[in-house]
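Just so it is clear, A, B, C and D label the chains in written order, and each chain counts residues from 1 on its own.
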Amino acid sequence: MVRRSIQAERIELWRGERHVLAGIDLEVGAGEMLQVTGANGSGKTSLLRTLCGLMHLEDGRLLWGGRSVYEDLPAFHSQLVYLGHAPPLKADLTARENLHYWVGIRRSLGAADITAALERVGAAAWGEQPARTLSAGQKRRVALAGVILFAAPLWLLDEPATNLDGEGQRLVGTLIDEQLQCGGVVIVAVHQDLPVRSAEPRRLELSAA
Amino acid sequence: MSTSALQAARLILARDLRLALRKRGQFVQPLAFFAIVTTLFPLSISPDLARLREIASGVLWVAALLASLLALEFLFRDDAHDGTLEQYALSGQSLTWLVFAKTTAHWLLTGVPLALMAPLAGMSLGVPYAALPGIIVPIALGTLVLSLIGAIGAALTLGVRRSGVLLTLLTLPLAVPVLIFGAQATDLAIRGASFAAPLYLLSAMAVLGVTLAPLAASAAVRISLE
Amino acid sequence: MSEFLYMGGYAAFVWPSYALTLVIVALNVIWARRSLDQARADARRRLLRGGATT
Amino acid sequence: MAWTWFHRLGSPPHVYALAARLTPWFAWPAAALILAGLYGGLVLAPPDYQQGDDFRIIYVHAPSAWMSLMVYVTMAVAAAVGLIWRMKVAHAAAASCAAIGASFTIAALATGSLWGRKMWGTYWEWDPRLVSELILLFLFLGYMALRSAIDDLQRADRASALLAVVGVVNVPIIHYSVLWWNSLHQAPSVMKLGKPDMPAAMLAPLLIMLVGFTFLFVYLLLVRLRGEILRRERTASWIREALAE
């Protein structure tokens, strides 16, 4: 059993002439959550994408369970779920189909699993509708159902509460709480604090380079 | 329970085919393009079937090459746009396999229909019935290689504005061998000769393409996500 | 001398070939130096703007 | 221990300084060799018994063609090293190659067509050597177009590097497919290089030119490489040092 913790040591990232991440250090362990804040363009998305191993570090180290993630990227990826600012849904597939194909690439799912997840996020009513017909908030809920379905220990969420109403934002908070109680690790990029109860919200403020 | 690489590839294949069924327009376009281009030749040269037969293999191949290139732009674009490609790269599955599955879906949706339609165009250019297998088989095989090579170009041009012309510029020089052997096979068939030799060479390229191109294309996808 | 320039009747092909190749050689030398000069100027500008780390 | 040279080659300041030091060692020999080769080719070499003085075009055509292929292979090898070891210096070297290669490919095409004019009676004949050269030009142009289409330098480096590697795998396939195509259509080829019975007075200037062009390429590469390294470098103290020279 790997120790669930993600560690970044002095990570550096450049985009052209922009020094996006300048020596960031962080460590988030099991049951802990880190909220990454900062103005637009301060590198929140870049940080999350770097932590998933999509963007390659120029300097520094990135560790999962004490081992460099680059040693075995597929193994690391199977431990995480990343949700970018756009929900990765196909307009021409229904919500259920979207989840079936998206999550199914990693885990075999039954129809009942998808139903349960859609119910959990209050999206059961539009499971059979094409994603095209859903509102931005509804799509966001479907994407959250995907996040649950992956059942991965590490969550990296980029503005998960965007487009959600008050009740939806509370839902995000509850989902994160549940994930933390199961010993999960959560890193979110946010503009405002999420309503999370179970953990001391730790904060990392990025300043625009 | 985790999904095996083969199951994941099958899921992607099924997904792309289903999406194509829902959005038929996109995949009819290359076929219509192929039909129009092959119609333009008789109009610009002569309706004389004997003359057209002389150039039929060239016409069919250039039209098939361009039509299959036209469709390549769609290969990764939508998936890159809505973040699906990112999810593939983070799925923990081998991206090479997933890219191979997508390329196969692309070939089934463009190459195979083109190969099935080419005999019609061939007959309108005066190709004898006996030569029709010499159109279908090489074009099916050739478009497979084109899809594989083109996947590399399509992945490299992701995130580039107005990538269509650039994609053509990158892919066409690499497609020259396919064009040479494919057109030769069809030409031999039209002349009533055996087209086995160029077909073997085409098959050799298909084997090489299947083994190497998805590796390069998946590396290109990763670069585009950086 | 004029016989040399005449090139046994092939002057129209030989001399343009040599001229073109030498022009391309010269252009390459000029372009290479200019590319280095530009990179230096850019680097200087970047230093002044502080777009580099210490 | 054996790998220290490799690591030093990965260090931009080291390579920058090395390139500056090596430049004159390639510039002057290149100039001397090319001048000697020109003199030998234009004056000393006897006219060919079949082609007369027309064959003298070989002394500029063959080195240009040699250069175009050498540059492409160098570019692809540098690109592969850059991709695999994420070595910035290697990407800088690959980026330096494209314009050099494309221009000499154009030279090879133009001199080839001038050379063939008399034999073919036309400036362009679908000679397999020229067709391969033309496709090589397209490969260079594609590489340059891809580089210029991507704004971010690192991504441009990596994407174009992959293209160069894919291209170099395809170059032999393209070449042999063109030869095969040509054997079916029987276009006449006048450009047979390196005939073993070539007299020494003819062969020597050719070899001198080939070596001279190789030195010229290294010189051009070293000059451009310094510029490309500077473009990729962000450590201020280092840049200040490099600019102070």
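Here, a residue touches a chain if its C-beta (ideal position, glycine included) is under 8 Å from a C-beta of that chain, and two chains touch if they have at least 3 such contacts.
Bear in mind that the values here come from a model prediction, so they are computed numbers and not experimental data.
Listed by label, the chains that touch chain A and also chain C are D.
Ranked by how far their CA centres sit from the centre of chain A, the chains are topped by C.
When every chain is reduced to the mean of its C-alpha atoms, the one closest to the centre of the whole protein set is B.
By number of C-beta pairs in contact, C-D leads over the other of B-D and C-D. Averaged C-alpha coordinates put the centre of chain B at 32 Å from the centre of chain D. In whole angstrom, the spacing between the mean C-alpha positions of chain C and chain D is 14.
Centres computed as Cα averages put chain A at a distance of 36 Å from chain B. Distance between chain centres (mean CA atoms), chain B to chain C: 41 Å. Within chain C, contacts with two or more other chains are made by residues 46, 51, 53.
Residues of chain A in contact with at least two other chains: 17, 19, 56. In chain D, 154, 234 are the positions where the chain touches two or more neighbouring chains simultaneously.
Looking at the complex, you find that chain D touches chain B at residues 83, 135, 138-139, 141-142, 145-146, 149-150, 154-155, 158-159, 162-163, 165-167, 169-170, 173-174, 177-178, 180-181, 184. On the side of chain A, the complex with chain B involves touching residues 49, 52-56, 74-75, 77-82, 84, 86-93, 97, 101-102, 104-108. Chain C contributes residues 4, 7-10, 13-14, 16-18, 20-22, 24-25, 27-29, 31-33, 35-40, 42-44, 46-47, 51-54 to its touches with chain D in the complex. Against chain D, in their complex, chain A makes its touches with residues 14-17, 19, 56. Taken together, the chain D residues at the contact with chain A in this complex read 86, 151-154, 234.
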